[in-house]
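In what comes next, chain A is part of two complexes: it sits with chain B in the first one and with chain C in the second one.
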Partner chain A sequence: MNPSLKLLLVLLLSLEISFTQKLVVNLLLIAVGLGLVIATRPGLLTLLRLLVVPAIPAATLSITIGLFTPGHDWFFAAVLASRVYVYVLLGSAVTLSTPPLRLARSLEQNAHLPAKFAYGTLAAINLLPRIVTAVKTIKAAGQMRGVTLSFWSPRLYFKAILSAITWSEQLAQAMESHGFVENQPRTVAQPIPLSKIDWLRFVGSFGLAQVVLIAFP
Partner chain B sequence: MTDPITIQNVIFSYQAHQPVLQLADLTIPRGSFTLLYGPSGSGKSTLLRLLAGLLPKYGGHLNAQAAINLAPQETAMLFQDPSLQFALDTPQHEAEFALENLQVHRHQMRHRIRDAFATVGISDLADRQFATLSGGEKQRAALAVVIAMHRPVILLDEPFASLDAKNRALLLAQLQAQVAAGKTVIIADHDLANYQAVQPQIIRFDRAHQATQLPEAAAQALLTAAAQPIALPTQAARTWPAAIVGRKLVLERPHQRLLDQANCQIPANKITLLTGESGSGKSTLLKCLAKLVPYQGELTLQGRSLQKYRPRQWGRQVGLVFQHAADQFLNVTMAEELALSQAQGRHPYFTPANLTAAIDLLGLTGLADRVVYSLSGGQQKKLQLLVMLMMGQPVLLLDEPFAGLDAASAQAVRQLITACQAVQPATIIVVSHQLAGLAGWVDCHLHLSHQQLQDLAEVRS
Partner chain C sequence: MSTRYHLKDIILLALIGIIFGVIYYAGDFIYNGFSILLTPVGLGPMANDLTMGLWCMAGPMAAMLLRRPGAAFLGEFLGAAGEMFLGGQWGAANLISGFVQGVATELGFAVTRYKHYDWLGLASSTFFATLITFGWDWFRNGYAHFSLGLNLILLVARFISMFVFCGVLVKLIANLLERAHVIKPA
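Moving on, here comes the complex of A and B:
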């Protein structure tokens, strides 16, 4: 499906389940999301992470609701916990099946998002590995000057924020040096099609979700 | 289009009454190969950024009377540090992004990118992640994008600082072809080696931030002097007691094995020069010694395995002077940086009097209250070297310590290191592409190529 429509569909479904309390629907969506995630053939580690990390907020939420609220509403607790998994799995289904550049291009071409926003976000994503390296470098720089920077050291964050500010300015200069001018029309290297079939799939999936939402208690 | 580029009445400053560039009248003919030559901090980069339209937009103040008859849309610029020039993940995507901005139709785009990549010889790197490219490869990718943009004026800010002689000659030839095709190429550089082949016109910047065009004879004399071959008389590393010993050492980077060495050793308390082509893994080897990247095999310092040192202890044993000076700083102002090294540093050479003398020697006097990140590239480099020397680790790794430094500054740095060595010698490894001035200063010379470290003294004999 077209990346923008995919994103829109997931956002709409997530919004919907935020306002309904239907456990079966959530479980169905988790099954669909998990199926889509597995279809992208993720590494075992990625899959484990997707299943284990959300368990922390899910467990926290359900224990709070189930044990420490006056009603001890374990059903609502289960709904909340399953919601966490719906968000994570549907979101990952989109990000794992779509390269970030394709999503950015689609948002620019199909959703007519300003290029500055689409590419700014993309550039920020591309910075992520650099942030990891930068933190490592900052720690080493500290070590070699007799300063141990643990992950709660203000100095580490000061340096990291400083790097981020410098990067944001450098990024703006980098984009400008490669001809980027805000609000100026651009051509496309790779058109992202938005076909009738995309729309049909979108409407079909969303419609099906509505039917399920109405049909199940 | 054929009018020469004229730059008149330009006064540019970051802080009031401290101009970093003053040009009364400067003319650069179109279709020429022009070199802006001068010491670090003399305003060469500033002029390029003004021409590219990045300044004063991103800081500083340009006087109202300034007149430059070159539109930023006519220029394409190559930054000093190529990794700062990419917004996307691969060379192919970056080039597509640039050509989309220039509203090139996608059918043409494909040809233009393919041609530009072939010209620079990076076709096989087109889809590699930038994070997996070496400094030299990134530089070539950045040039390929600039060439694909087809702008009439190409601006390059010290583009060869991290390139070896072979890549440098290759790129210069490509730039010369661009000039032959009618482009104007303007390069800012402080090192004239390898430029003799292209016979550029030279505009000399001085420390008063003013620029004058050199007459042809003077330019020729400078180029000839810089082109002299450099002899590095050295002794074999094995003839000294070893400080660092490696056995069955293997270093890898995604897609590439960098080092696979049965035995190697670094002599104690000597200065070892480490050279090799761009991308051969010199920086990675230094990072490995600093325990910043993993390795296979065995590495020992004074007989003790690297694995046995905890990070904190290791920081006391080994100092790595990063390629990017800004990575080294932990504070805001120069005075704070110096204070930290004074408090934590152990090098006996740096008595208050000697420190003042060192600051003066490096031309950093009077900059104490400046924010370190606002210093020029060369000033940052010198401050970085100073604060690391003050730490006094027994092993010091210098990654391109002379990049961005003019000959006088590089000489001052070497002089300071020699003075420190006389008081408390350290095992020093220097990675450098710039060999000028190193003869007599380095004790031995290792060359990294084809995954092997060769001792050039043994190769010669």
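Moving on, here comes the complex of A and C:
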């Protein structure tokens, strides 16, 4: 499916199940999400993480609702627990099946997002390995002076922000020197198709979800 | 006051969001720890409220740094878009939380007419972020089903978390940036 439409579909469905309290549609979406995630052939570790980590918020919410609220509503507890898994599995189905570059291209071409937002954010995402290294370096440099920098230390954020300012200037300069001009029409190196079939799938999936949502508890 | 965003600003906003995400990955462990400790006594959801301030820091920080309308929203939202691909567990669902948190922190600066990039602006942003994210959890995380007493405890816990991280910590970072002449004194 076209990346922009796929993202829109998942966002719409996630929003919708946030405001409805139906179990069957949640379980169905979990099954679909899980199928889509497995279809991308993730490593075993990724799959395990996707299934195990959400168990904590899911269990916390459902135990609190079931045991500690006036209504002891175990049906709603199950709805909440399944909701957490819908968010995680549908969300990961998008990110695992769509490389950031393809999504950025699609958002620019199909959704008409200004190129500076699509590629500016992409540039920042691609810098991730350097960001992780930089944060580690700042912490290590602190350790050498006997200072432990943690997530509550202003100095850690301060130093990281200084690096971010330098990087943003360098990246913008690099992109501009490679011919990126803001607010100018751009030619397309790799067109991302948006076909009738994409729309059909989008409308079909969303429609099907509505039917299940109305018909089942 | 410039309201336009250039490529450089957009990259910076996304970078700040991602950097904060990288730093407070630690927040996940705290969340899990609190969850396991608090659930047996019926206060499990408080783990969410106690760590909420951490997740919302990028917005007010971006506003303090760029000082223009939209900065808080973009800092929070672009950061969420970045975190979506960090292998964070929430994937695209990040975008929805990022949107809600972005609107919430932005509103705080909007009601001060974008003139207070100081204690007042931050306090206002903290206030709105607490209320709006709480309203969102009212639906999404089933807070509507909790008793009034529990809801009050959770609201207070969330406000404290917001105040500490999005208020005090952001102000301390901004102070350091001022002393380094990266931003002008408010």
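Just so it is clear, the second predicted complex is superposed on the first by the 205 of 217 C-alpha atoms of A that agree within 3 Å, B and C clash if a C-alpha of one lies under 4 Å from a C-alpha of the other, contacts with A are read in each partner's own complex, and residues count from 1 in each chain.
The criterion applied here is as follows: contacts are C-beta pairs under 8 Å (C-beta built on N, C-alpha and C of every residue); 3 or more make two chains touch, one makes a residue touch a chain.
Bear in mind that the values here come from a model prediction, so they are computed numbers and not experimental data.
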Q | Clash or fit (per the criteria above) of chain B with chain C on chain A | A | fit
Q.
Is A:F68 touching anything from chain B or chain C once the two structures are fitted on A? First, second, both or neither.
A. second
Q. So which one touches more of the residues on chain A, chain B or chain C?
A. C
(Q) So in the superposed three-chain picture, is A:Y85 touching just chain B, just chain C, both, or none of them (first/second/both/neither)? (A) neither
Q.
In the combined three-chain superposition, what is the angle centred on chain A between chain B and chain C, taking C-alpha centres, to the nearest 10 degrees?
A. 80
Q: May I ask you to decide whether A:E169 touches chain B, chain C, both, or neither, giving the answer as first, second, both or neither?
A: both
Q) Counting only touches as set out at the top, which of chain B and chain C does A:F202 meet: first, second, both, neither? A) neither
Q) Which partner does A:S150 contact after superposing on A: first (chain B), second (chain C), both, neither? A) second
Q. After lining up the shared chain so the two structures overlap, which partner does A:L11 touch, if you call chain B first and chain C second: first, second, both or neither?
A. second
Q: Go through the superposed model and pick first if A:I56 touches only chain B, second if only chain C, both, or neither.
A: second
(Q) Once chain A of both complexes is superposed, is A:G179 in touch with chain B (first), chain C (second), both, or neither? (A) first
Q: Could you say whether A:A123 touches chain B, chain C, both of them, or neither, answering first, second, both or neither?
A: both
Q | Three-chain overlay, closest Cα atoms of chain B and chain C, distance in Å | A | 6
(Q) Can you give me the overlap between the chain B contact set and the chain C contact set on chain A? (A) 119, 123, 155, 162, 169, 171-172, 175-176, 180
Q | chain A residues within the chain B interface of the complex | A | 101, 119, 122-123, 126, 129-130, 134, 136-148, 155, 159, 162, 166, 169-181, 184-191
(Q) Residue numbers of chain C touching chain A in their complex, please. (A) 5-12, 14-20, 22-24, 26-27, 31-32, 35-36, 38-39, 42-45, 47-48, 54, 61, 65, 78, 81-82, 84-87, 89-96, 139-142, 145-147, 150, 169, 172-173, 175-177, 180, 182
Q) In the complex of these two chains, what residues of chain A are touching chain C? A) 7, 10-11, 14-15, 18-19, 46, 49-50, 53-54, 56-57, 59-61, 63-65, 67-71, 73, 76, 79-80, 83, 87-88, 90-96, 100, 116-117, 119-121, 123-125, 127-128, 131-132, 135, 150-152, 154-158, 160-162, 164-165, 167-169, 171-172, 175-176, 180, 182
Q: Using the touch definition up top, name the residues of chain B that touch chain A in the complex.
A: 52-54, 58, 76-77, 79, 84-89, 93-94, 96-106, 109, 131, 145, 149, 290, 292, 311-312, 314-316, 318-320, 322, 326-330, 340-341, 343-345, 373, 387-388, 391, 393
